[in-house]
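Dropping the structures in below, format is structure tokens.
In the two complexes that follow, chain A is the common piece, with chain B as its partner first and chain C second.
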Partner chain A sequence: MSNTLFEKIWDSHIVVDEDGRSLLYVDRHLVHEVTSPQAFEGLRLNARKVRRPDLTFATMDHNVPTSDRSLPILDQTSSMQIKTLERNCKEFGITLFDINSPNQGIVHVIGPELGITLPGTTIVCGDSHTSTHGAFGALAFGIGTSDVEHVLATQCIMMEKPKTFEIKIQGKRKNPHAVTAKDIILSIIRKIGTAGGTGTVIEYRGEAISELTMEQRMTICNMSIEAGARAGLIAPDEKTYQYLNGLKYTPENYDECVNNWREHLKTDSGAKFDKSFTLSAENIVPQVSWGTNPAMTSDVTERVPFPDEYGRGNPEEEKGVTKALQYMDLKSGTPITDIIIDRVFIGSCTNARLEDLIEASKVVKGKKVLSRVRAMVVPGSQLVKKNAEMMGLDKIFKDAGFEWRESGCSMCLGMNPDILAKGERCASTSNRNFEGRQGSGGRTHLVSPVMAAAAAINGHFVDVRELDLN
Partner chain B sequence: MKGSVIKYEQDNIDTDVILPGPYLKIHDYAELATHAMEGLDKDFHKRVKSGDFIVAGKNFGCGSSREHAPIALSYSGIRAVLALSFARIFYRNAVDGAFLLPIEIDDSAYKDISDSDSLEVDISKNEIKNLTKNKIYKIKPFPELIGKIIEAGGLFNYKP
Partner chain C sequence: MKPFEKIKSIATPLDKVNVDTDQIVPKQFLKLIQRTGFGQYLFYDWRYEREGVQRKDFILNDPAYKNSKILLARDNFGCGSSREHAVWALDDYGFKVIISTSFADIFYNNCFKNGILPIRVSDDILQKLFSTKSEIEVNLEKQTIKIDNIPISFNIEPHWKKILLEGLDDIAMTLQHEEQITKYERSHKI
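The block that comes next holds the complex of A and B.
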């Protein structure tokens, strides 16, 4: 029988399968400070232990300050959450990469870079962007705190089987330095909508996906949740196996693992998906979101849409656009490249890996951030930061006027002091442009790292295809 | 369940407006409730009464996995959200902790129900009675697993 990659991983993890429910074994559980305190408290109240502390890894990323780590944390509630995670990990015997660890970072950046994320595994985390790990052919679900407690206690998760959704990106991007993985995923979400993937696991396929590096594939899978999907997957290949070779937690019998993965971890020819969508990579250009959800995105060459033109006769859509444009303080018909920005954020689990910083640095090198713009780079992990510094990227960014900060989620979700002021407009490499996401009243435009870097220099969006990025 | 409607005629009401990020540090559920819907409706906590229903459009609860979102609504008094569709993590979080019922309604019910209408929701009959308008709407039955978790009163009470 022909099966999809998803079905193979799903089937191989079933513990119980009956009455419309599947109990799945969880191979890796990633934990952070914000969605775990009540889960540990629940264990304590019921005198339960963590079933597999050896398969559970924790870090603190959501509310950690990205300024000088030698200073005390001023926000008492953040400090408390961080201390609580330390105490919980100690009590339950869980490996923790704490705020001073050289391996601290955004949970979805450190999982792969430490080799915790492996092909064919099931991974869960109390964070919606867990879909990121699907770039390695891992079935990775974001879950809430009750499920976190359930997984801590049982190492299993109870789910209904999702449907399968094939997204095929054919052909090649015309200018791969200017048209990035971020532009591919934003183009997809734009077309299928924020609920286009609801109840499904997406498998991204096609030439334009295969040619992506591992870090670029993570950007794609990361935003699967922005299309409503339960998870995103990309079949592992030689790039995947090379990436994971020799990392901190790479298995000792790695060659054997790889042989096994090579044989099994692919969608069989003839396997049927419940749903399919195809897009041509050749037509994708740099993307800029203008609204308050990631589907409200345009080509950089376009104008801010008119509600009736965007809604195409759907009054709900029209209303949504009108409301979004009001919040974003944008006028229909304005060229995207005329949008003036105040802040730039290069960071988040979507786009804060080494390659993202390398690409952005090419735009920035030898130039200056426009004087009225405040721009910051927040590396995704301490390891990313260290590697970038070894390449001198910190110097390039700092010389240009960027702030170079410690790793964490930072301004992606506005839980630490890195937030937008009311009315500020930000070119952001993060994943959500929801109202107030980066700070109450803040306005977010989702873009790629090169687009964000170019906006910092120019003070408005520019078509990065016009720049020399090679 | 009887209660009155607070209607938001919009799609994609995300978890960041249901419970904005800065409040994820709050562990006291009653305090969390004072910030429910703050990103969308600053007056929500003044208006909401115990037993009320939220009525909304498509893809309610999209975005983050924060269980704080259904918790904040639940502790505000919301017993059910009646929406055209739900984002899946929110949907699951809502029933896992027995915080509220995520009920899918169809387009005609969505259009027909007005703000402040009195409703009676009966999930055993998959039915909503609009007491103000004297009408009955069908609700989409829960998927099997979700129905069982609801029946048990949450994930931890569910014993297959």
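The block that comes next holds the complex of A and C.
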């Protein structure tokens, strides 16, 4: 029988089937400070243990300041949450990459770079962007805190089997330095909508997906949740196996694992998906979001749409656009390239890996951030930061006037001091442009790292295809 | 978890599509380490002009809906972040039932884990609910929503129905499979 990659991973992790649902075994559980305290407290109240501390890894990323780490954390509630994670990890015997660890970073950046993320495994984390790990052919679900507690106690998760959704990106991108993985995923979300993937696991396929590097694939899978999907997957290949070779937690019998993965981890020809969507890579251009959800996005060459243009006869959607434009303080018909920005954020689990910083640095090198713009780079992890510094990227950014920060989630969600002031407009490489996401009253435009870098230099959006990025 | 009982209340109509969990409870309130006390932060930026000053035009601030236990929502309610704090805030505020045409997956799941009943209905039924001022009665046992004494039936996964009605602890339920979990662990190593 022909099966999809998803079905193979799902089937091989079933512990029990019950009432049309499956109890799945969880191979790796990633934990962070914001969605775990109540779960550990639940264990304590019921005198339960962590079943597999050896399969559980924790870090602190959402709350941590990105300024000087030798200074105390001023926000008392953040500090409390961080201390609580330290205490919980100690009490339950869980490996923690704490604020001073050379392996600290955004949970979805460190999982792959430490080799915790492996093909064919099931991974969960109390964070919706867990879908990132699907780039390695791992079935990775974001879960709520009650499920975090459930996984801590049982190493299993009870789920209804999602449907399968094939998204095929045919052909090749024209100008792959200017048209990035971020532009591919934003184009997809804009077409299928923020609920287009609800109830499904997406498998991204096609030439334009295979040609992506591992870090670019992570950007694609990361935003699967912005299309509402339970998870995103890309079948592993030689790039995947090469990337994971020799990392901190790569298995000792790696060659044997790879042989096994090569044989099994692919969708069989003739396997059927419940749903399919195809897009041509050649037509994709740099994207800029203008609204308050990631589907409210346009080509950089377009104008801010009118509500009826976007809503296409759906009155609820039209109302949504009117409200979004009001919040964003944008007028329909304004060219995207006329939108003036105040802030630039290069960071987040979507776009703060080494390649993202390399690509952005090419735009910035030898130039200056426009004087009224405040721009910052927040590397995804301490390892990304260290490697970038070895390449001298920190100097390029700092010379141009960017702030060069310590690693964390930072201004993607503004739980730490990095936030937008009311009314400020930001070109951001993050994943959500929801109202108030980067700070109450702040306005977010989602873009790729090169688009963000170019906006920092020019003070408005520019079509990066016009720049020399080679 | 407390068993779910019949709910009778007027319903608060939140007339907006794609309401994300960042709106349900903004990030500055995610730093608490308890599950309780989030009701005061529910829809914070929509409810308050600034600290202590309510926005008059937001539906939750209309005194008519003060004791409402049912929230009417539009498509894709609860999208975005997996934060269960959103459900804790709705629950703590007093909402026990949320009715919409569709919910985001993680949010939908989180509701049941906290004794909240999310109900999916068709566009027509939702429209009917949005236009009534009468009390609505939700009976999970019978799977009905009653408006003006006319019952409308709804579907729900049997597993979730049982968990809510009996107030079951799903960890304890899973631990009944201890033997199978151990067996799986022994035969699959990675």
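Keep in mind that, in the parts below, the second predicted complex is superposed on the first by the 470 of 470 C-alpha atoms of A that agree within 3 Å, B and C clash if a C-alpha of one lies under 4 Å from a C-alpha of the other, contacts with A are read in each partner's own complex, and residues count from 1 in each chain.
Note that in this section a contact is a pair of C-beta atoms (placed from the backbone, for glycine too) under 8 Å apart; a residue touches a chain by one contact, two chains touch by 3 or more.
Computed from a prediction, not measured in an experiment: that's the story for all the values here.
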Next item on the list: Give one word, clash or fit, describing how chain B and chain C relate on chain A after superposing.
Entry: clash
Notebook entry, point to check: Which partner does A:270 contact after superposing on A: first (chain B), second (chain C), both, neither?
Noted result: neither
Notebook entry, point to check: Which partner does A:25 reach: the first (chain B), the second (chain C), both, or neither?
Noted result: second
Item checked: chain B versus chain C as contact partner of A:154, first or second or both or neither -> second
Item checked: First (chain B), second (chain C), both or neither touched by A:34 -> both
Note to self: For A:77 in the superposed arrangement: first (chain B), second (chain C), both or neither?
What the structure shows: both
Notebook entry, point to check: Does the superposition put A:313 against chain B (first), chain C (second), both, or neither?
Noted result: neither
Notebook entry, point to check: Is A:251 in contact with chain B, with chain C, with both, or with neither (first, second, both, neither)?
Noted result: second
Item checked: Superposition-derived comparison: chain B or chain C, residues of chain A touched -> C
Next item on the list: Overlap the chain B and chain C contact sets on chain A and report the shared residues.
Entry: 16, 18-21, 34-35, 37-38, 62-63, 75, 77-78, 80-81, 126-128, 142-147, 149-150, 158, 160, 194-195, 198-199, 225, 228, 230, 293, 316, 319-320, 323, 413-415, 432, 434-437, 440
Note to self: Using the touch definition from the top, list the residues of chain B that touch chain A in their complex.
What the structure shows: 9-12, 14, 16-17, 20-22, 24-27, 39-40, 57-59, 62-67, 85, 87-89, 92-93, 96-97, 143-146, 148, 154-156, 158, 160
Notebook entry, point to check: What does chain C use to touch chain A in their complex?
Noted result: 15-18, 20, 22-23, 26-28, 30-35, 45, 74-76, 79-84, 87, 102, 104-106, 109-110, 113-114, 157-159, 170-171, 174-175, 177, 180-181, 184-185, 188, 190
Item checked: Touching residues on chain A, where the partner in the complex is chain C -> 12, 15-16, 18-21, 23, 25, 27, 34-35, 37-38, 41, 46, 48, 62-63, 75, 77-78, 80-81, 84, 118, 120-121, 126-128, 142-147, 149-150, 153-156, 158, 160, 162, 194-195, 198-199, 225-226, 228, 230, 251, 257, 293, 316-317, 319-320, 323, 413-415, 432, 434-437, 440
Next item on the list: Name, in rising order, each residue of chain A that touches chain B in their complex.
Entry: 16, 18-21, 34-35, 37-38, 42, 62-63, 75, 77-78, 80-81, 126-128, 130, 142-147, 149-150, 158-160, 194-195, 198-199, 225, 228, 230, 293, 316, 319-320, 323, 413-415, 419, 432, 434-437, 440
